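Below are two complexes that have subunit A in common, paired first with subunit B and then with subunit C.
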Partner chain A sequence: MRSRCGADRRDFLKKCLTGVAVLGASGRIGLLAAAEEGAALAKSRVVVARDAMLRGTGTTVDSGRMLTLLDRAMQALFDRDNPIEPWKKLVHPGEMVGLKVNALGGRGLSSNVQLVEAICERLQEAGIKASDIVVWDRDSDEMEHVGFHVVAGGNRVQCFGTDRVDYEPELSTFGSVGSRLSKILTQRCNVLINVPVLKDHDGAGVTIALKNMYGVIHNPNKYHPNGCNPYIADLNMLPEIRSKMRLTICDASTACFEGGPGYKPEYSWKNNGLIVSQDPVALDYTGWQVIERKRAEKGLKTLEGDKRAPNYIATAADAQHRLGANDPKRIAMVEA
Partner chain B sequence: MKTRGVLLVMLIALLLEAGCKRQAGTAGSFFPASNQVAGWATTGEIRTFEAADLWKYIDGEAERYLKAGAQRVSTADYKFQNKIDAAVDIYTMANAEGAETIFRGEPPVDVKPIQLGDAARLSSQSLMFRKGRFLVRIVAFEESAETQQALSQLGQGIELRFGR
Partner chain C sequence: MAGELDRRSFMQCALASGAAFSVCELAQFPAAIPAWAGPQKQGDSQFTVEARFYEKVPNNKKIKCKLCPRECTVGDRERGYCGVRENRAGTYYTLVHSRVCAAHIDPIEKKPLFHYLPGTLAFSVATAGCNVNCKFCQNWDISQVRPEQVPAEYAPPKLLAELAKQRGCPTIAYTYSEPVIFSEYLMDAADAGHEAGVRSVVVSNGYMQEESLKTAYGKMDAVKIDLKAFTESYYKDVVVAELKPVLASLVTLRKMNKWTEIVYLVVPGMNDSDAEFRGLANWIKTNLGVDVPIHFTQFHPEYLLKNLPITPVPTLERAKAIADAEGLHYVYIGNVPGHPAQNTYCPKCRHMLVERVGFTASQVLIRKGSCPFCGQPIPGVWHA
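And then the complex of A and B:
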């Protein structure tokens, strides 16, 4: 596991210290047992935060309520009382932070502008310069179409697509994947915050955190066979992605339970929530369960029954990848 | 010099003919212009994605459409009485079976069938219908008391143009 939240680390240390005490009392076996128990208890935290009044009495998301919802989610994830503290743990002044949004679903099912503004606000309060933040996806026009304003240059938060800077000329490879990476990822940011959308996906089953990295490469269309498996997991193993990824904030304000990844209102629902985690595999597993519950409510088959279970999630967790946890016993789901 | 002039005229004639062929029968001609359907106005250019580029528009769904014989999709944005934004997608399939495959492949959830084209479904914010080898999806981004009626009227306007 690459990263865990502070609370889990504290739990782990507490268990280890308990082990030291046990060693004094009953020797080496006691310590090993305690350490193993501690490791088994180290869980990936996934926060599911909701606000039934996120849209007030209207249909669009309220900016103030979104900021409050984000604070609640981040404070729960990092076990902090102050809304700025989680961000200070996450990023440091001088770092260049990329927010990889998802604008592919078009209007109605793309990363919410209000959410991205709230993240940018907190990042700046944590000491990141506005011009060191870049909001990005593959295409500037697609981003503008869903409400982002393209900004390139100056002292403001930067916002543009890879079309403005192109992909690296050389391929990055891992396993089944060989792709040219966006220069925004390779040259414009050393910290990546993933801001995907909670969606059903025709091929992969679901598209949430891990699949959103398809928007980072020049040839995503090559990686859809076999339910995108093992392509999604392999792609997320690329060092440029894996080493920079610090957090996923999944926009689940409007989510999609069927017919994704494009927006189809009849298959979407106003979920009014966020799902936040530092473990993208645990987040995808949790999001998958949210989608399954909605499918059951609507009388649809499970994704397994529809022959498109998101098997890529298990691949991402396997011994060759270890991108995170897909075992529910190793996921601490927190509602906030 | 004279031969070069004749060749130039022939070339221009060929180009003009090719351009006309490209225009005639393309999905672009099925999009109603502003106010050809009462209350509806276009708000952008028509964009067309050929089969090889379908993924650039519907990445993740392109395979399903290609398997069913999609040749291209054309899309345009509309607005109804300055209140409701909508996007219209017209898929041109190789044949009517292809359009039916996509239509049948989408489970009917919170929709009702309506009389339009060969088959149609209306939801509170969307309309999908097929007519021959064409599949049309209209998505509204606002839900209101007028949305369904407005979507139906726009759908009828498009269907009429298929018949021309």
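And then the complex of A and C:
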């Protein structure tokens, strides 16, 4: 399994083994010291990349600049000089890669088509066949409405919604709610790249990486009580999601600080950025802070003050879930 | 399944009755046919009608649903917990008006309604969706899905009434999923039915706000309420709802003088204690009266409770014994074919008045609403 942290598995294990050895030598204090050292190294890396000129002088995102921005973000995340190398580290030829976009917000606030095209380009350069890539969300019409072209079959990149293939008949369950999973997730991809949007959410507080998985199930309406907590965390625990999730590339080119998740121009801003991480909890925490800063700038209450703090993030990090890190001390935020 | 309407016969009936109405009515059916080929697209306009029970929240295009106690606040482009009502730019819509995903002809005893026209048939329909999420749901494949995820047929109210008449059903039953969430449809269908001489009954969880209950179920001729348990903790953990509003609904129905029967699904180890049975029976006696029928029914492992066993018959008999001892007059045992507690007995002389075999009333001895042996009035709706 690939590590979600800055330290790779081998380093992590080395530290653990060192800890055991230290315990043998000097007891509990030594183990704690080693654990603290390990924890210090085990920070989740989150890259926040921006390009003030992402739209050039116009209003739409420039494809070339988006590709450059993506490269910058990915190279910073994987600490590589070459734009293809991060992708080669992430995926391997023969794998089927699903890009879970978010088309719910309509034209103003959905996963950017230029970003998705840039990701597809790099995936192919890393050896993934075009037809082994599927761009998907829950509904084909919604995807077309925001600019994606539905393609099902042939040698091109595939692009369609779960409505084309349906959900699995059997339920998958973690926690109190059971759901049928999209057959795109279960049958069409063995690697998941999450491509959400940075948004405020009237119930959950924010909707970024973890909540984007609501588009994978047939009954998201059953996951909304109590600020979506613990439902968002529970859903992301499903093995079909957790085992396939390798990366989140959050489209923060246009973001929303209030009134979400639907698009309202008065509550959106051109952020011209991406947030990228292999730790979806750390990414959500970081995205939340970005939204809070914008809310403060606009003179709005904090989400906590608005009684909708995104408590699901802490739940996702708790001992029952361990989906990632929400402690800022364990998050290495890198600006690129 | 006996009495089930398959697609072909449903369409035959629909087309025949459509022809009986008008060309306009008939012309709508071809559009519904392809829906059977697979999942439908969202936003089918023929099923989309503005909802009746909601408030607009000023300034931000949100709405507050006033149909059930959950009171979902729903943002633009989002749906409530039920999954079948959607906010579109500040106006709330039901997506399931006339969107029938299940249609069967059932004995009325299957609802179960034992004191309502015994031995008759009910034209029984459902749409997708539910405002709770019972872990034991037997119909989760239609109740826990969004409307576009199940095949459905367009069955406007007049057609429903006509189909019921054609099939010899004196009653339309709104059942299977949760009729609360298609209140607008059942209200319109009940009106159409009454115009055509067809009655309406509803099989519901009763998890509604008082105003919507009065408005929607005020049009019903009888109501069956699933009282899932008698503790708030069970409602919270197993039903994802609350007990208190359901009890309030039962009291409201009583005040409305609406014929009501109660079903209590006994789930082993979860809602089957003596104290709970006794508390329930006592509450019914105090708040609704001893003549309200209660059916203790057998649980079968389904949906998210597949790990539990079938309810032992002695457990059901224990529940009945406790309710009998509390003084309730009509305590039944359900889902146990052949059990003598499926029959109706006179509370005064103990003669059997209605004999039931499975879902069939094989013998009905009640005369003019009374016991023919001792003259004791037997409450219910006995004549069409």
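Rule of thumb we're sticking to: the second predicted complex is superposed on the first by the 302 of 336 C-alpha atoms of A that agree within 3 Å, B and C clash if a C-alpha of one lies under 4 Å from a C-alpha of the other, contacts with A are read in each partner's own complex, and residues count from 1 in each chain.
As a convention for this text, a contact is a pair of C-beta atoms (placed from the backbone, for glycine too) under 8 Å apart; a residue touches a chain by one contact, two chains touch by 3 or more.
The structure presented is a predicted model; accordingly, all values stated were derived computationally and were not measured.
Engineer: For the combined arrangement obtained by superposing on subunit A, do subunit B and subunit C clash, or do they fit?
Structural biologist: Aligned on subunit A, subunit C clashes with subunit B.
Engineer: Would you sort A:T207 into first (subunit B), second (subunit C), both or neither based on which partner it touches?
Structural biologist: In the superposed model, A:T207 contacts subunit B only, not subunit C.
Engineer: With the two structures laid over each other on chain A, which partner does A:D327 touch: subunit B (first), subunit C (second), both, or neither?
Structural biologist: neither
Engineer: When the two structures are overlaid on chain A, which partner does A:E304 contact: first (subunit B), second (subunit C), both, or neither?
Structural biologist: After superposition on chain A, A:E304 lies in contact with neither partner.
Engineer: Looking at the overlay, what does A:G106 touch: subunit B (first), subunit C (second), both, or neither?
Structural biologist: Once the two structures are laid over each other on A, A:G106 reaches both partners.
Engineer: Pick one for A:D318: touches subunit B only (first), subunit C only (second), both, or neither.
Structural biologist: A:D318 contacts neither subunit B nor subunit C.
Engineer: Let me test your reading of the model: by the given contact rule, A:H218 touches which partner, first (subunit B), second (subunit C), both or neither?
Structural biologist: Touch status of A:H218: second partner only.
Engineer: For A:T59, using the defined touch cut-off, is the partner it touches subunit B, subunit C, both, or neither? Pick first, second, both or neither.
Structural biologist: first
Engineer: Tell me the contact category for A:E125 with respect to subunit B and subunit C: first, second, both or neither.
Structural biologist: Neither partner.
Engineer: Between subunit B and subunit C, whom does A:D166 touch in the aligned arrangement: first, second, both, or neither?
Structural biologist: The answer is second: A:D166 touches subunit C but not subunit B.
Engineer: Given the superposition on chain A, at which of 80-88, 242-250 or 350-358 does subunit C overlap subunit B?
Structural biologist: The listed stretch with clashing C-alpha atoms is 80-88.
Engineer: Quick check on the output: what are the common subunit A residues between the subunit B footprint and the subunit C footprint?
Structural biologist: 104, 106, 202-203, 221, 224, 259-262, 264
Engineer: Which of the residues in subunit A end up touching subunit C in this complex?
Structural biologist: Those residues of subunit A that touch subunit C are 104-106, 139, 141-142, 163, 166-167, 171, 173, 176-178, 202-203, 218-219, 221-222, 224-225, 259-262, 264.
Engineer: Along subunit C, where are the residues that touch subunit A in the complex?
Structural biologist: Per the stated touch rule, the residues are 38-39, 41-43, 60-62, 70, 72-73, 75-83, 133, 135, 144-146, 148-149, 237, 240, 303-304.
Engineer: For the complex, give me every residue of subunit A touching subunit B.
Structural biologist: The contact residues of subunit A facing subunit B are 59, 104, 106-108, 201-204, 207, 214, 220-221, 224, 258-267, 298-300.
Engineer: Name, in rising order, each residue of subunit B that touches subunit A in their complex.
Structural biologist: 55, 58-64, 85, 87, 106-107, 109-111, 123-126, 137, 139-143
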